[in-house]
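To keep things simple, chains are lettered A, B and C as they appear, and every chain counts its residues starting from 1.
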Amino acid sequence: MPIDTGQTMIYASNGRFFEDFSLGQTLVHATPRTVTQGDVALYLALYGDRRAVHCSAVFARSLGYPDMPVDDLLVFHLVFGKSVPDISLNAVANLGYAEGRFLAPVFVGDTIRSVSVIIGRKQNAKGGTGIVHLRTRGINQRDETVLDYARWVMVNKRDPAASAGPEAVPELAERVDPLTLGHAVPRFSAAAWDDAASGSPVRLDDYAIGARIDHPAGMTVEEAEHQLATRLYQNTAKVHFDARLQASSRFGKRLIYGGHVISLARALSFDGLANAFHIAGINGGRHVAPLFAGDTVYAASETLEKAELSGRPEIGLLRLRLIAAKNEPVPPGPVRGADGAYHHAIILDFDYWAVVPR
Amino acid sequence: MPIDTGQTMIYASNGRFFEDFSLGQTLVHATPRTVTQGDVALYLALYGDRRAVHCSAVFARSLGYPDMPVDDLLVFHLVFGKSVPDISLNAVANLGYAEGRFLAPVFVGDTIRSVSVIIGRKQNAKGGTGIVHLRTRGINQRDETVLDYARWVMVNKRDPAASAGPEAVPELAERVDPLTLGHAVPRFSAAAWDDAASGSPVRLDDYAIGARIDHPAGMTVEEAEHQLATRLYQNTAKVHFDARLQASSRFGKRLIYGGHVISLARALSFDGLANAFHIAGINGGRHVAPLFAGDTVYAASETLEKAELSGRPEIGLLRLRLIAAKNEPVPPGPVRGADGAYHHAIILDFDYWAVVPR
Amino acid sequence: MPIDTGQTMIYASNGRFFEDFSLGQTLVHATPRTVTQGDVALYLALYGDRRAVHCSAVFARSLGYPDMPVDDLLVFHLVFGKSVPDISLNAVANLGYAEGRFLAPVFVGDTIRSVSVIIGRKQNAKGGTGIVHLRTRGINQRDETVLDYARWVMVNKRDPAASAGPEAVPELAERVDPLTLGHAVPRFSAAAWDDAASGSPVRLDDYAIGARIDHPAGMTVEEAEHQLATRLYQNTAKVHFDARLQASSRFGKRLIYGGHVISLARALSFDGLANAFHIAGINGGRHVAPLFAGDTVYAASETLEKAELSGRPEIGLLRLRLIAAKNEPVPPGPVRGADGAYHHAIILDFDYWAVVPR
C-alpha cells in the first residue's frame, strides 16, 4: 500500500536502508522472468562466449541435456538483478560472493524467480553504513532451486544516528564443498564429448595445478553495451544508468555492473578453458576496482585445485581463479602483493569450480 | 513499377510529399512482421521495464493469457514504424497522437501488418508545408485489429507553389471513451494478482486522483541504443540514423525517435505504477522537445481520472499523464505555465488509460 | 592437447601462421551454432533490413517456405565467424571472396557448423607474409551444405625466414554459374508474391541492365553496434574489439568487421531492390577500405546481368554490384578510375546474384 505522509502519497519506494533489514527477514523479489531465445542471443552478442554446450542444441543433446542449457552467468545475473530493488538500491558497494551453487540447469522457457533471506547485519564503525549479508535463491517454475548464493553489501543508514539494532555475521565457507556440486550436468559418456566442436582437446587431466593461463584477447566496453546488459538483467541500480547523477559522484561517470566484468572475463577465458563448460560453484568473488566504459578488459586464470565428482567418471571439477584487469593484460606474478594489495590494473578476483570432461 | 523519367529509371521512392496525400486514401504498409522472442528480449534490454505480465509466462497464464503478451508500446512501435516510409519520410515533425486503442493482445508468433487511411489534410499558412492526419491500424494474422490510432504530421510540399488541394481536418476525441477499452485483457479473479511478483501492493483504489508520482530513476541514452531500437521497429526516418546528414540540420546531430522516449518514460514509471500493467488507450501525446544521445531521461506521472470497466470487477482504468524531462528531474508544479508554455526540460506529455487491478 | 614447452603448458592457441597451413588440410571449426529467434531479432536491430521474406512467417509460408528463412548474410557471418580462430587470427587482411553459393535455406532451430579446406597457399614476394586460399562450408544438422564459398587472406609468417613450402593458387570462377543457383528457394506461383507486403512492385523484368540504383538512406555506425554484431557471429579477430591494442596499430582504432559493411549496404539496398529477396551466389567481394565507428555508410547498386533459372518461371537472377561508400554518398560515374583505382570514399565492391520474382 502507498505510504500516506499526510501531504502526499508515496507510491514508489526509494529502496531499503540498513535499518530496514532484519535477521531472518525473507524478501520475495518482483518480476519472475521467463528466459527466452532472445536473452540467450543477447548474452552471446554482449560477451561472445563460444562454449558449445550453450550454443548448439546438437552438442547439448549429445551430452544428455534436453536442449542447450542457458549460460550459468546469465542465470546468475537474472537472479541477482531481481534482488537489487529490494537490497542494494542504496548500496555503497557490493562487497563479495560466497557459497554459490548452480543446482539445476535452466533452459529457454523456464521461469525464474528470486528470493533472499537476510543472514547477517552489522553496523560499520563510522556508523553511517552497515554490512548486510544475504542468501539469494533462484527458483524455477517447478519450485526447484537453480542457484543458491550468498553475498554481502555495504548499505547506507537512513539515519546515521539510529541504533545499530541486533547484529550478526554469518560464517561462510571459504570454498564450496565439491561433493555438493555437479547436479546440473546430465550423465554422459566421456566419448560423447566432441573436442572439435568444443574447440579444444584439453581435458581435466591435462591441466596442471598451479598453472597460469593467459587468455589472449581483450575487449573494450561501451556504455550502450553494459546498459543493455544490465537492463536485460533488470538490475536497476542507478549508478549504471544515470550519467547526470554520476557526474557528481566520486567517479564522475557511470559505473559498470560488476557482473558484466565476470561475464566478459569468463568469455575471454574460452581460449585456454574451452572445455570448462559449466560453472558448478562460486567459492568467492571480489570486485577489486570499478570498470568504466572505454576501458579494455583482459583476463587470466589460475588452476587452484581439482576434485572428483562421485559416481561421475566422465567429468570432474577444476577450481579456477579468474582474474580480470583493465587497460593492460593481467600482470605476471602473484595477484596480490606481500601486503595483500592488488596490482592497480586488477578489477576482479573470482574463485569458482568449473566442470570439465575427463 | 519503376518510374521512367526518360533518362533514368527510378526504382527507389524518395517518400511522399503533401501533394501525394488525398482524403480517404488507403496505404498498405510494407513488411508484415512476425514478433519473436528476440524482439521481446531486445525491448527489455533497451528499456528495462519490469512489469511481470510481459516478463513471466507463469504470471501471464495465472491471469488467463495463453502466454506473455508483448509490451503494448512494442506493438505501437512496430505498427508505427511500418508507416514511416509511406507517410513521414519527408515529415518536418510528428505533431500528435489521439484515439489510440489496444484492442487485442499480441503474442510471440503473431504477424502484424499495418494499414493507414488519410483522414485529414490542410496546407499551412506559409504554403511550403501541410498537416496530414491519418488513422493507422495494426492487424494480426487473423485479420483482427490489435491497435488503432490517429496521428498528424507536418509534411513538406514537393512544390510550395502547388495548389493546396481539397482540405479537411478531422475531429478527434480529446479522450478515448473508457467504455470502448479493456478488451485486450482476459477476465481473471482479483485474487489471482500476485503483488509480490508484480512488485507492488498498490491497486487501483489506492491511487488518489490529482496525485503526482515521481519515478525515482533516470536513464542516459546512447546513440547505439536508440538506433538499435528504431531499426528493430523498421522505422526508416533518416534523422535517426545519418549523423552526416544531420550535422547540417538545425540540431546538428541525430534526433531520437519520439517513441523511444515514450518507452523509456513508461519503463521508468514502473516505480510507482508497477501494477498499471496494460496501456489500453492513448488519449493524446505530444513530443514537446527533441531528445539526443547523451541526454538523461526522467519521468513523473499525474493521475487524472479513474473509470470502471463494465462487467470487470477485477480491473479498472487509471488515466495517467506521463511527463518526461531531460537532464533534470521533472520539475514540480504544473506541466505548462499560465501561458501554455512547457518548462524547458520537458520533452514528452503523454496522456493514456492504464489498466490496473482492483 | 596442451603444448608442453618445458617451462609452461600452453593451453590457449595464438592462432595459425602461414607455415601452419598445408594444401588440402581440413579444419573443423569449433562451436556449432543453433540459430535462434534472438539472432534474427538482433540482426534486424543491427541493420534494419525490411525484406518481408525474413520478417513475416505469413509471407514466407505464402511462398512455400515452412517458416521465415534466416537472412543469407546472417548465415554467411555465422559460418565465416567460426573460421576466424582457425584461419585469420593472424591475418593481415581479408582479401576477397568468390564462388559463394547459398544452397539450402536456414531456419530458426537449425544448427550450423563450419568446415574449411585449404585450397591454395603462396608466399608473398617480401617473404614475411603469404596468401592462404580456402573453401569454407556451412553445414546444418542434417549434414546438408547451406553455404559454400572461397576466400583468400594474407597471413603473417611465424618466421619470415622459414621456407615457403609447397605453393599453389587455385583458379576461382569470375562469376558463379547461374545454372547452379536457386535451390534455397521453394517453388511458388508468381501470383503468390504480394507487392504491397514486400514493399515494391518492381519485378525482375522491370530492371534494365546497366542501371545504377542509388539507395537513398545512410547509416552511421557506433562501436557498440559492430561489437555486438561481431560477437554474435563469434568472430574473434582482435582488431574489432581491443581499442587499447588498436591504438598502436596503423589505424589507431578498432576496425569494423567487413561483413558488417556488407550487411549494412544490403539493408540500405532495400529501397530500390525490395524484391531482390535472396542472395543466391557471391561472385566476388572486396573490402576496398576500412570502416570505423562514427563513419556513415551509403550504398548504390549496379545491375550487371540477368539469368533464367531452369524450370523456374516465377523467379530469375539479377546480378548486382553493391557499392558502399563512407561519409559521402556513392559518387556518380564508374566505380574505378581508368587506372583501376577506387574513389577515395568507396569501401566495398560486392558482386552477387540475387533472386527476384518475375
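We take it that a contact is a pair of C-beta atoms (placed from the backbone, for glycine too) under 8 Å apart; a residue touches a chain by one contact, two chains touch by 3 or more.
Everything quoted here is computed from the prediction, not taken from an experiment.
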Copies subunit A and subunit C touch via same or different residues, half shared test: different
Turn needed to bring subunit B onto subunit C - CA fit, degrees, nearest 5: 120
Averaged-CA centre spacing for the pair subunit C and subunit A, given as whole angstrom: 36
Residues within subunit B bordering two or more other chains: 36-39, 41-42, 222-225, 228
Complex contact set, residues of subunit B against subunit C: 1-2, 8-9, 11-14, 28, 30-34, 36-39, 41-42, 85, 108-109, 111, 113, 141, 222-225, 227-232, 234, 236, 238, 241-245, 254
Contacting residues of subunit A [partner subunit C, same complex]: 36-42, 44-48, 50-52, 55-59, 68, 196-202, 206-208, 211-220, 222-225, 228, 271-274, 294, 296, 327-328
